[in-house]
Amino acid sequence: MNEFLTLMKSELVVTAIIFLLLFIKIGKGMKNDSLLSLVQVLLLVNFIAGFFLNSTGNLFGDMFYTNPLIAFQKNILSLGVYLISLLCADWLKKTQHLAEFFMLMLSALLGMFLMISSNNLLIFYLALELATIPVAAMANFDLDKKRSSEGAMKMILSSAFSSGILLFGISLLYGTTGTISFPEIAAQLDGSSVQILAFVFLFTAFAFKLSIVPFHLWTADVYEGSPIAVTSFLSVISKGSVAFIFITVLYKVFQPMQDVWYTMLVILAVATMVIGNLFALRQQNIKRFLAFSSIAQVGFILVGISSNDYMGITAVVYFVLIYVFSNLAAFGVASVISEHSGKENIDEYKGLYKTNPFLSWILALALFSLAGIPPTAGFFGKLFLLTAGGAKAAYWFITVAALNMIISLYYYLRVVRAIFMDKNDNPVGKIKISPSVKLALLICGAGIVLIGLLSWVYDHIHTLSFKL
Amino acid sequence: MPNATTIALIPLLPLAGFLLLGLFGRKYLKSSSGLIGTALLLTSTILALYTAYEYFFVYGKVNGAYQQFIPLQLTWLEFSKGVSIDMGLLLDPISVMMLVVVSFISLMVHIYSLGYMKGEERFATYYSFLGLFTFSMLGLVLASNIFQIYIFWELVGVSSFLLIGYYYDKPSAVAASKKAFIVTRFADLGFLIGILILSFSSGTLDFTTLIQRLTSPESNEVKTAVVSTFLGASALTWGAALVFIGGAGKSAMFPLHIWLPDAMEGPTPVSALIHAATMVVAGVYLVARLFPVFALTTPAVLEIIGWVGAISAIIAAVIACTQTDIKRILAYSTMSQIGYMMFALGVSKYGGEAGLGYTASMFHLFTHAMFKALLFLGAGAVIHYIHSNDMRDMGGLRKYLPVTHITFLIACLAIAGVPPFAGFFSKEEILLAAYQNNMAIYWIALITSGLTAFYMFRLYFNIFWSKPHEVHGEKHGEGGFVMMLPLVLLAVGAAAAGFIPFGEFVSSDGKALVSHFHLEFSIAPVGLGLAGIFAALWLYKKQNDKPQKLAAALGGLYNAAYHKFYIDEIYFFITKKVLFNLIGRPAAWFDRNIVDGMVNLTGNTTQAVSEGIKKIQSGKVQQYAIYFLAGVIVLATLFIYVLR
Amino acid sequence: MIEPGLYHILFISAALFFIGIYGFLTRRNLITMLMSIELILNSVNLNFIAFNKYVWPDKMDGLFFTLFIIAIAAAEAAVAIAIIINLYRSHQSIDVENAEDLKY
Amino acid sequence: MNLLLLIGAPLLTAVAVLLSRNKAQVKWISLVGSVAQLALAFALLYAFRQERAQNNMSQMLFELNYKLFDSLNINFHFGVDGISVAMILLTSFVVIAGVLVSWNIEKMTKEFYFLLILLALGAYGFFISLDLFILFFFLEISVIPKYLLIGIWGSGKKEYSANKLALMLMGGSALILVGMLGLYFTAGHSFDIMTLSKTSIPANIQNLLFPLLFVGFGVFTALFPLHTWVPDGHSSAPTAGSMFLAGISMKLGGYGCLRIATYLLPEGAKEYANIIIILSAIAILYGAFATMMQKDLKYINAYSSVSHVGFSLLGIGMLTQTAITGALMQMVSHGLMTALFFAVIGMIYDRTHTRMTNEMGGLMKVMPFITTVFFIVGLCSLGLPGLSGFVAEMTVFMGSWENSDAFHRIATIAAAMSIVVTAVYILRAIGQTAMGPITNTSHLQLKDAAWNEKLAAIILVAGIIAIGIAPGWLNDLLRPAAEEIMNRIAGK
């Protein structure tokens, strides 16, 4: 029982928060502001709680597995959620369904937690759906906006479709191996055609969630359609969680098929980076722009994953951590601006520096980090991903990846240029930033600058992943 | 061993003058700068004369030859073991001789300029530049290391550039200074590569070692260098030839002479110092410095030197006969005289009686410095008086400029080779040397000496006789004491220098060389000289139309000579048309459009591609599903059928 | 009267799967597309049951999986339909071709 | 002496600039900071010479080694040899001059100085790091400041130039990155230059990695034909920006080509030496000829930079001790010279508001000081003895001539020809701007240099002359380091 509490603590905390919110809702309810601040506190608690009593073990007849690294990954996610709750405060205060929003978001988070520590295809599937369906509902949260509902529709349909494919793959896997628990599958794999087919089906499901080319097409539309809070949640939190479990599945379950999936990763990584960059090149809407840029980033994550050793795990976790900060900072600034001026186009950002130096610097910092320019953490993140990928001495692969950094730099600089250099007659007006947002932005900025230079972060992750 | 500091001071004092006047002159020392510069130079002249005395008479000969001293040698930049640029002081007969010449003439010019340049806007700058030049020239003369000579070679080049361009707001002056610098620079390229070759094949940059290694045929340096050939000539031959190109450029030898006439844009005293007496003979000095190498190891190059000298001499003489700008005439005569010195070296051998040409050449260098400087300063006085360079504006000035007239006449007689003036002796020796070794060159030289006499007296008569001079307005006199003194001193030199027993002091191998005159030999040149003089007398004594008739009679030849045989035009064509239009413009175009175009092209293609593939993101969720399935199928087939 | 074997059932389920996909790709009506997804899920269910019965009779995982899939499918459908209704509010139609503002 | 000071000083300055209140504070703080850097550089030189004098012949002095990413074996490993010391001196000179000439920047002064100092920081860090990763880190730091400096304070088609520069440099870094990783894995997970220099890397891998690294760094130092960012970037940048770009940043590339590519991969260097020589010989001549056609002073200097930097690449390609020493001298000399050149151009531009040579003339009459400096820098650029350019070029020539085969000889002669072309275009530029009659009468009212400009010019001129008059000290600094490199190349 005690073991149950410790091992599942993060899930339990989240569940507790969900139920609390539920009671508040069915009770007499609360004012948005106070509720929001309450939620923020709770999320902070949740985040901090993640640091304690982390131990290794499994539950429910080996269906649920956790260890310090997984706990760390969960922490990253809770941190992200906390930051979102701060960053999008202005927007959240306006929505009339604040409690529902957080219930949905947190249940999605719960799903991700379970997914990360799932050790069995069944629970994995359940968690995956739990992590997806609420997000679709959230995507629709701008109830009166056409685009929002369109995005939500696209998301729910295509994710349902992909989970159909996934399930078919799982069924085939079950048919050939007779089990759905990860370790046993790994033991049973013999690389027959059916299993490869099954693997491809499974793989595509991950590819869909990570929006790897060519399974990425829903991404941009959904990102653009849904409210920024949701977009950032999608692009950071769910991406991160899927990346984590993806690694586990590949490394633990499909280790016998590694040469198959290595080749697959290489092909898809290149495709993803190139296509993502090429699309990002000519985007006008900042959300859509960030969507494609995040697709390109995923390409880099794949480069890291391809290394198939603890180095890869470390690099990916480290990168996701940095990615949380950088991307959330970018989205945060975007949301502030769109909240106060309704402007979401890059051209409308022209001359931003004149009026809002603080936002400009944060955004620039975030973009540099995404582009992988020192001294920001993104530089280290990208570099370590490439290092991990380079372990197999596939120079052309690394070269392609590195050259892609040029294109990405080009479009990130487009935004920087708009902010700092271009003239504009009616720039975004001076914005009064609310304290919570400012705090969040500062946290992000600090994270972007420090995480790279504070090398012990990386070393800590390394020790965690090295134990596996 | 002479005292290093004394000798070091000789160049360093003018340098001090340069720095002092250059930094503070224009503000603080505007008026006194002239005196400061002159004083400094006077000191170094005295030191130079003292050094010469010491060298020739105190240390004197050791077993029949003057020794060579290197009182000072500092490593300036070491390239590799044994190969290093040293800053040293080398004392041997020619360097001491040059030391005297340079410092003396420079002193004369300094004094003269006190009057000539009075009231100039950039008086101080002028003197600082003079200081810089004197320093560089003295450093060149004293160089003990072939790279050191190159360094000072460049420095005299730049100071000549600065002084030619002294009147920087006159476009012609700017053009002339650029031309002078670039042409000599081109020659220096040859010099540089020559140095590289010589230093590589001898494994040193130090003159004494280099000469000693390259002149002993059994030394393995020579063997290897001779073996390695390029275009049929041995490396050494190439090296020597290239070095000579450098010398030819500085000494305005055909065909690199085009800068010299234009260089007359500079102030006249400067022309006297740089473009008559000292810098332009640097080439001769360089050849003399490396003479053993030329004479013993690469006689072929020496042959070339002889011919280049001879051709330059006669061409310059012919052109000089047709010019009307008095300074240009003097410039061409300078070129022709340097041609004399060159071919004198060219026809010489190393050592003993056969080395007469060497001595003669140095002797002529010495005397020429005297009378040519005198001529220029005299011309300067005339120009100062008339405010024009053109012969046709002059005439009948002998009453108004008596001192100038006399001294100028002396100089003309000297250069025309009329005994007993200085030019006579040196020219005799040169002709003798030519006569002994190379008849063809001898004849050319003979004709040239005739022409020389003719055009010099054409100049003389046109300035001082010819049409009477009408006085308009009150005329300031001859420019006062400071301008007359140098004229007189130089006139004395021009008259008397010939009696110095030069062979005693300077000879190819340092041993004394007694020069003896055969009266019957002297008849031809002197006769020709007098003939030239009388021709000039007949044509130009009184104003008349004989010259025009003569010109018409000569027709084509006259025109060609008048247009300097169109050599400038050829150069203009090469630089403007070929260099700029055929190389420069294409290069610039290529860079902007091809190389840079490539870069832009990549950028634009990326843009285009991203525009082209946007259709994939059609917004139709079902199409997305199709792509999805396509992905699945492709991957499945790929990994089930293709890759296993 | 012959006992249907594994491959018969797999055949049927495969057929269902592709029918579902076909429907998803071709139908314009959102509800119908949702239904075709249900077809896909049912084909998967058939798979599980069949494998469980014929190949791994002693391991009940397949059966449970089926149950869960049914449950999830219901939830998914609920949310999807909610979204579609909302879409209908804003677009006045549930035709997929009218919801293509977001593109490029 | 502790090398961290060299990073600390600019870092502190940058922070202080950020915290400062008004423009005056910003200026003075940065001036003080740069003076401190200069002092540090000289202190370093002194300490270095002391150590050597007490013949401490270890290749790197003042080594520091702190663990950074322990698990990846990435360390803050610092240390200097003669080359680094020379480069650091150069940097400090250019920095102080740059700070001085941009004294009158009105637009976003704080940001401007902050970015300048960031650039300096990157350069210092780059020159002292002995760990490839850290080195790369510092190299990359400087990219964004360049971009912003050009883009915000630049002139002309600045956005285009800024983009081009940033992207081409990024491309270079991408190649460097790959080569770096290659080294890391072949050397058994180490980025440490000293370790790498001890490990013997198989020839085939060297031949694979060398082009990556050399071209990568080559982009930074305008390796033909990847030099096209130079003209645009330099001409669009603000004065101090161009000074830093040409004076410092291009040297980062040269340093990398030598210290990383050539030193760590000697076999590769030998393999590709001829190509390098051909490219650089082309760059030298072609850059010079292209310069002849330019009318814009900044373009003139930019193209001449292409030509001059060619000498240092040529020296590296020649692979002889003297040539490499010459290459390094050329880097230092060109750094000072071109910085000064840009400074002068900036001064002229601030007054005449044009950079077109044909729109000026006779400036010597109105601004004697500036034109005198212009003369000096011009003469330095055409290799006049007594100024730094001559020393460097001659050393390169002497070194190149040591390879006695026809190919190297011809390449050397081709390179040497450029001294004539250089003379042509320099004298044209000077003649058209400084000399001749005053064409534009409005120029008669122009003022001569102000105190800050004079100071900047004098500092740089002092550097140029110090090398030109007495090259010995620089030679003693660089030659032993070059010898170390040659030893590895010679396989000793």
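Per-chain residue numbering starts at 1, and chain names A, B, C and D are given in the order in which the chains are listed.
Throughout what follows, a contact is a pair of C-beta atoms (placed from the backbone, for glycine too) under 8 Å apart; a residue touches a chain by one contact, two chains touch by 3 or more.
Values in this document were obtained by computation on a predicted structure and should not be read as measured data.
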Give the identifier of the chain nearest to the protein's overall CA centre, each chain being represented by its own CA mean.
D
Determine the centre-to-centre distance between chain C and chain D, using the mean Cα coordinates as centres, and give it in whole Å.
66
Chain A to chain C: how many Å between their CA centres?
27
Whole-Å distance, chain B centre to chain D centre, using C-alpha means?
36
Whole-Å gap between the CA centroids of chain A and chain D:
43
Residues within chain B bordering two or more other chains:
603, 614, 617, 619, 621, 625
Of all the residues in chain D, which ones touch at least 2 other chains?
167
Got the chain C residues that touch at least 2 other chains?
24, 33, 99-103
Could you list each pair of chains that touch one another?
A-B, A-C, A-D, B-C, B-D
Residue numbers of chain B touching chain D in their complex, please.
26, 75-80, 83, 85, 147, 150-152, 154-155, 158, 165, 168-169, 171, 174-175, 178, 181-182, 185-186, 188-189, 192-193, 196, 199-200, 228, 230, 579-580, 583-585, 587-588, 590-591, 595-596, 598-599, 603
Residues of chain A touching chain B in their complex?
153-154, 157-158, 161-162, 165, 193, 196-197, 200-201, 203-204, 207-208, 214-215, 217-218, 220-221, 260, 263-264, 275, 278-279, 281-282, 407, 410
For a test of understanding, state which residues of chain B touch chain A in their complex under the given definition.
603, 606-607, 609-611, 613-614, 616-617, 619, 621, 623-625, 627-628, 630-632, 635-636, 639-640, 643
Can you list the residues on chain C that touch chain A in the complex?
17, 20, 24, 30, 33-34, 37, 40-41, 43-44, 47-48, 51, 55-56, 59, 61-62, 64-65, 68-69, 72, 75-76, 79-80, 82-84, 86-87, 89-91, 99-103
Give every residue of chain A touching chain C within the complex, in rising order.
121-122, 125-126, 129, 133-134, 136-137, 140, 143-147, 149-154, 156-157, 160-161, 163-165, 167-168, 170-172, 174-175, 178-180, 220-221, 224-225
